[in-house]
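In the two complexes that follow, subunit A is the common piece, with subunit B as its partner first and subunit C second.
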Partner chain A sequence: MKSSQPDPLSREQTPWLFAAAVVTTLPHTLQQPWWLSAFGALLFAWAFLLWREDRRLPGRWILLALVVAGVAAILADFRTLFGREAGVATLVLFMAMKLLELRSRRDATVIVMLGYFLLLTHYFHSQDIPTGLWLLFALWVVTAALVRLQAATMPPRENLVQAGSLLAQALPFMLVLYLLFPRINGPLWGLPADAFTGQTGLSDSMAPGNIANLVRSGEIAFRVRFDEVPPARQQLYWRGPVLENFDGRIWRQATRPASPERIEELGPRIAYEMTLEAHGQRWLLALDAPVALPADAKLDGRLAALAPRPVDKRQRLRLSSSPAYRLNTAESPLSLSDNLRLPANGNPQTRELARNWQAQANGPAEVIARALRHFREESFHYTLQPPLLGRDGIDDFLFRTRRGFCEHYAAAFVVLMRNAGIPARVVTGYQGGEMNPRDGYLVVRQSEAHAWAEVWLEKRGWVRVDPTAAVAPERIERGIVDALPAGEPLPAFLMRHGDWLRDLRHRWEALNNAWNQHILGYDTQRQRDLLSRLGFEVDWRQLIIALGLACAIVLALVTAWSLRQRIRPAPEIRLWHRAQRRIGIHCAPGETPLAFAARLRAADPALAARFDPVVRHFLLARYAPDNPTSLAALAAAVNRLPRRRIA
Partner chain B sequence: MRSNNTPILGGRPHAFTPILDAANQVILGKPTEVRLAAACLLAGGHLLIEDLPGLGKTTLAHTLARLLGLQFARVQFTADLLPADITGVSIFDREHGGFRFIPGPVFSQLLLADEINRATPKTQSALLEAMEEGQVSIEGESRTLPSPFFVIATQNPADQIGTFPLPESQLDRFLMRIELGYPDRDAERALLAAGSRRQASDQLSSLLAPEQLPQLQAEVAAVHVSPALIDYVQALIEATRNHAGFRHGLSPRAGLALLSAARAWAWLTGRDMVLPDDVQAVFGPVARHRLHGAQGGKLAGRAEIDALLAGVAIP
Partner chain C sequence: MAINFRELQQRLFGSRDDGLTPVTLDRRRIFILPSRAGLLFALTLVVMLLAAINYNLALGHALVFLLAGLGLVGMVHTFRNLHGLRITPGRCAPVFAGETAEFTLLLDNDRPGSRYGLMLEAEKGLSTSSSVGGGNQASVGVPVHAHRRGWLPLPRTRLSTRYPLGLFTAWSYLQPGMRCLVYPKPLPQALPDGLWAAQGSGNGSGGQEDFAGFRERQTSDSLRHVAWKASARDDGSRPLLVKLFAGGSDSQLELAWSATDPTADDETRLSVLTGWVLAADQGRIPFSLSLPGVNIPAGNGAAHRQRCLEALALFRT
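On to the complex of A and B.
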């Protein structure tokens, strides 16, 4: 509450700062707690009212009380002031409060700088195209506010144009930096520990309902582009974690140390490139059975491909798989006994059924066929909304409810097999995918999450058995929408849409994919590829030199361009020249526009009558006192001229 | 510009429209020169009319004085004219026992200095000082001249016998120098039929109230000059300085004179902004007596000025 500010802010500058604050914080309302958005909106409304009524800003003690209350609320909600969510929330809060403290140019500069920083924080949540466009817009507004600080009385339009021109001049540098700045594998600086929360994907355990929940998400899990013809849909089993330990309800990964797989390939390999979205876990979801992996990836002993560290950002992988394979025909006794183990108690009916089948059947193959026939012929239903199961879940499912999703069938089948003395386990992953005809990418979403079973047979090793295929063959052949019974409440994105809507979605996803592949996915490898295609083989040291050179060249070009702009004729002169080109008659150097008009009148009165307005508006634009409309009138008059006659 | 029936810009009637019409009734066939003279007065400058005897120089000055309602005095310059004959003298007054100042013809609003180049340089410079300063110093006392104060000087071309050509520095005091030239055939016929024009001008009455002229001059000074037009004036001045045919280029004072004359011309055309046409219209009268040929002492010719105007691009 100093009586005199060193560099006070003028009334015309404040709305621009308001705008900058709003555009930089607005998208955060989608992420942050509602109370923070409401609080921020309240502070903003207050600041706006004070500005409109031209009243005094609140005093220091009120501001202090607000800061204490806001920080306390954030602490209460997040238990910290740091990290991704809490840190961003704190910044948003400070931005809103700074609006109540807009006294001097210094305060305004804080708003602008905070605005630029807040722009970056949006990338924590999303890096997609709408976000990019919005941030570009916000960048423009913040820069316009910055321009405003220097020129308080500039007309708003010119203000925006100048900010746009500043950004346009930065564009070449942005491109050079984007293309040439050495790409570093891994983040440039440490991100807060909670930077990657909120990613969806398979988990390392499976309880009834897990996968059904995942299926409700329309998010894309990964995209695949096959080098050659894509395999049939029934073969598209994308392998995730293999679950071997069962406690009666939940399936978990085995803790037993893995021994390397022995894979016999029985057919040709399929090569493909996968763009895997971040899901916070290590598995890579390769097509069954992966035979060639990226250098740092490995198999986990159960044929699931693993990345060296959790997939925290989108990755592009080169993979090869062999759909026809034989796995571990000689399996270790430890593994086999693990895959026969069941909880000592529980599910007695299931145990009895399996033992009956085992007694009647002639070998494991027959038991398996019997079980599948059981699913197919008894009245089992495939549904996203299975009823709740009691303590003996498998019994409940097999004998009472008979309604379930893939995880129910896979789990029940594996329990049946283990009871019948056949080593079996649950495999989770994705099945199928949707081919986008727009760009030829196969899109696999969370809704394609699936669970199936594997049994171990003598001489044949681990064999995939998908009991869901017995109950709802459409699920495997055509996809989940066809498999679910009519009337099942489907998540909106899964609904059958008209063709144009589907086409629209395909276009949008293809656009997103192109953005992911080419803009966000521009990594070290792509950078090297691009440069080597241009004939440069460089390491990062040379890259830095190249970057410096490119920046110097761009700087020189931008400078040359802006110098040219300075000596470029004024807009009315350019229009005047255009008018002469258009009629094909030119004004002599020392000939005044009026003399030119007189000459024209003598030569061609009809043309002169149409040219006179051009002369009039040109003279007004060039020699009259400033009049904002004269340029537009001149442009209109020039456009009304007849085209050049071929003489 | 020259003959525009429907002007593209301007054409607004103004206080000088009837004055110009009336003057053209007296001075036949010389509308451009009449208008230049009017522009010169509106711009607050002094006018030099140069031509052979008998072409209507004096009539023009007399007509303007009558029409504008200005207090008029006329001095016929001769070789024996003394400075005091122009500025006035102090004589001893016996009744009051002191000197009394008798103002000379310079204490009038419009002074016609006829055949200024017939007087000696000493007398010439006395007048020219008065023109520049707006006051005269007589016997150590400064006396302010009336306002407005115009001088219309006429002179015979310097190759006439018995003349003292004005030096360059004194030519510069005149905003414009115009030539009347012979009237064209029709005008001459009308003139011969109607008889002496001097009598016609004597019958004119004033069309302007005394306080109006300063107001109009203020209006003229407010005519808009855009940056683009200043660019053009600069380009013209630079062209005279780089021109091989001239001994010296135009001075900054000449540039200001050009602008104020162009303003007056624009105002007379009924516009509130100056166009390159206005600059071109007054360029010859303003610049010619300030430019001298590189070889001899002759003033720049009309053809040279036209070539210069045609060669300088209008920016």
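On to the complex of A and C.
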């Protein structure tokens, strides 16, 4: 096997590289434009055919033309070559092109390195357990291809085993690095605009249908672990944006800055830890009423907790709330008048109704009770599929369709109150949550999205009123599935399943939660906590030293383990060596056993008399191995030898 | 001040052993450095780590750390692929100048697992690769170009490997005390008539009486000697054949230094003699060889041939 430059690939190595290219690019077909997947598949099929037919790879000019075409297509589709999505698309394209240029070991190395990098890009889209498992598999395949480059003649099975074994030995290093490598909170540089796409969550405005759409998503909004006993379900109002401006159809946040809240706590606090999923907005969805926030968070003047920056990654927060509270008993007149404002025209029937109630009732409390009774006693229905509303949406809803979701009830109630001269506003957020008995976390999903009302009353401040509770008390007490009428089509994840299925789901979610909390959620803070619990002064210099030491120890262990393996000599050889150790005289290299025995006889006849049986049985065991008793006889003879003589 | 780097290298890494006994590679004999692919790998990891930090990918961190661990494990295993390997010098068959000598080394693997991708290189650009099964032995011929006649010592040989990942190169220098006998490059020339010993048939053409066999025609052979019938039996793709005659049982050749062209240089004269020795041996004609200071009496057969070629190879060296 003479080698010539530059190190050509053998035919048997190529399929391994094909496999590496496929496993690293395949999952990207779910995200990237269809034409790129088709182009890549075409290039791969071409490369595969050329390999099967043992034909020459295409020339430089054809490749150049293909690269130009591919890059032009990416530019046309993404308008850039950089940024996250376009960058990944370019890498996928290069990977496919490289298969047509697979001549030397150097080309193959480029494929493997590109493959490793592409593995990382999968995590842009998902970091859940299945993705992790798939990538472990892909990593195995790519590593096997890398091993293949150095051992073209290795049997495929051994090749796979070798790659797996190397990865298994790399695991301790990963563990050490994961725990001790100083974590830096990103981003290091400005993220491209497409860094956070496809996040779901509450929006900063509310139009009819918004929340009903959100409810159809089974995604988890946040998880909560209470320090002590969880509060009752009816108290679980997780506050999001407060909407005060109404244009007749859409509710929006007020632009006017509000003065800081004055909260009177009327009961004990509840402390909890919230793990908030990324939703691309600033609100933190604290339990009403938040009284202790993380250092960098603040309240917006309307009791909604805000993060300093949009929540673009999963965050863990320590919060405390006081479920019994009194908010802003002395509210500014400006704020009160804002919360009475309505569009000048529109919804005349609603105005009429509210004015009647105001005239008949004795004070605001009675108007509120009257409105809730109205919702309860008239034939209002709670449904995810409300009919379309006309121009005067509130009139349509209150007097014609009477079918709506929480947002309809909250909006109609606030309009009624404002017409009756009671300051009122819409609050959006989440209500309820599902306790996972497996890990004790309360899981709040997008399906728990909710809208309710707040009215301002003299001496009592802002008071929460949930008109949905009047129409469908089950929604608040047990959750949305019980509240929706029978026969209404439900999203699959909300359907009632057998107990075992629910238990399975609980287990899976608890596993995911553990994964999120302990693996994905391992950040600067957790690292600091862990190390200080282990008694380390947390300082990046010490961290580096600890890291270096730990890596050195693991490296030494792996080295010792891997160098230790030796073939054990045959049993008769081991007994023969033991016999020599026992008498303290050793057979010289190249000396036959019989010559050794003769030498011994000349030096020490008494010892030789006892050593002779050893020689005889050793020769029998070694050269007449058919006799099974000779080995036992040899062992017995060795055991009869005197112990090492002190010379 | 010029430092002879090669000499320094030789002295540092060269002969630690007598070159005859088996050598077991231990950690003092094995060197290891990242390969070019290893540097590319490191660069890829740095870029991946930056991406993982920037996009806050927890699993991205894990992937980078796992790959970093893989690199370290690869280093250990590349080292391990040489560690404990026993190398025993073997034999080396003589070659003619201009050919490639193959120095046989025996590689012993006393580990249960195979060792792949072992590369042996004694001369720049001329290497051979091999693998040894678990608990097995492999013999490898290390190629070296034989340029000049005489003894060709095996130069310092580099045994290297990149297995399993190619990210590191581990190597060791071997200096087995092996040498290979290089015969002079034969110059194909017809046996001149004047070399027949003046005995038996008496005159120079005496060697044309008893048919002794065929040999391939060389350019200098007279066309009169071509065996046309025998040559026609082949399809013409082979060189023409020339009949060889033995001038009787006692006819023999006297190949002598003095019979060669005195105006040519020594090496050419040795080459001519070598060509004659081969031709005579092929024709199974007994021959004697006389060089200044060397006289080998007439003889026949492989041992005689070897003795004569050896004398030619070592003449005045």
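To be clear about the criterion, the second predicted complex is superposed on the first by the 553 of 647 C-alpha atoms of A that agree within 3 Å, B and C clash if a C-alpha of one lies under 4 Å from a C-alpha of the other, contacts with A are read in each partner's own complex, and residues count from 1 in each chain.
Here, a residue touches a chain if its C-beta (ideal position, glycine included) is under 8 Å from a C-beta of that chain, and two chains touch if they have at least 3 such contacts.
None of these values were measured; they are calculated from a predicted model.
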item	value
Between subunit B and subunit C, more extensive residue contact with subunit A	C
Which of subunit B and subunit C A:Ala570 touches, first, second, both or neither	first
Partner chain in contact with A:Leu317 - subunit B first, subunit C second, else both or neither	neither
First, second, both or neither for A:Ala598, with subunit B first and subunit C second	first
First (subunit B), second (subunit C), both or neither touched by A:Gln150	second
Touched partner set for A:Val615, first subunit B, second subunit C, both or neither	first
Which superposed partner A:Ile519 touches (first subunit B, second subunit C, both, neither)	second
Partner chain in contact with A:Gly590 - subunit B first, subunit C second, else both or neither	first
Subunit A contact footprint on subunit B (complex, rising order)	1-2, 4, 8-9, 224, 226, 228-229, 272-277, 280, 309-314
Residues of subunit C defined as touching subunit A within the complex	37, 40-41, 44, 47-48, 50-70, 72-74, 76-77, 79-80, 83-84, 110-114, 116-117, 126-131, 134-135, 143, 161-166
Partner subunit B, residues of subunit A touching it in the complex	570, 588-595, 597-598, 612, 615-616, 619-620, 622-625
Contact set on subunit A toward subunit C in their complex	1-3, 84, 105-106, 109-110, 113, 116-117, 119-120, 123-124, 127, 131-132, 135, 139, 143, 146-147, 149-151, 153-154, 158, 162, 166-167, 169-174, 177-178, 181, 183-189, 191, 195, 313, 519-522, 551, 555, 558-559, 562-563, 565-567
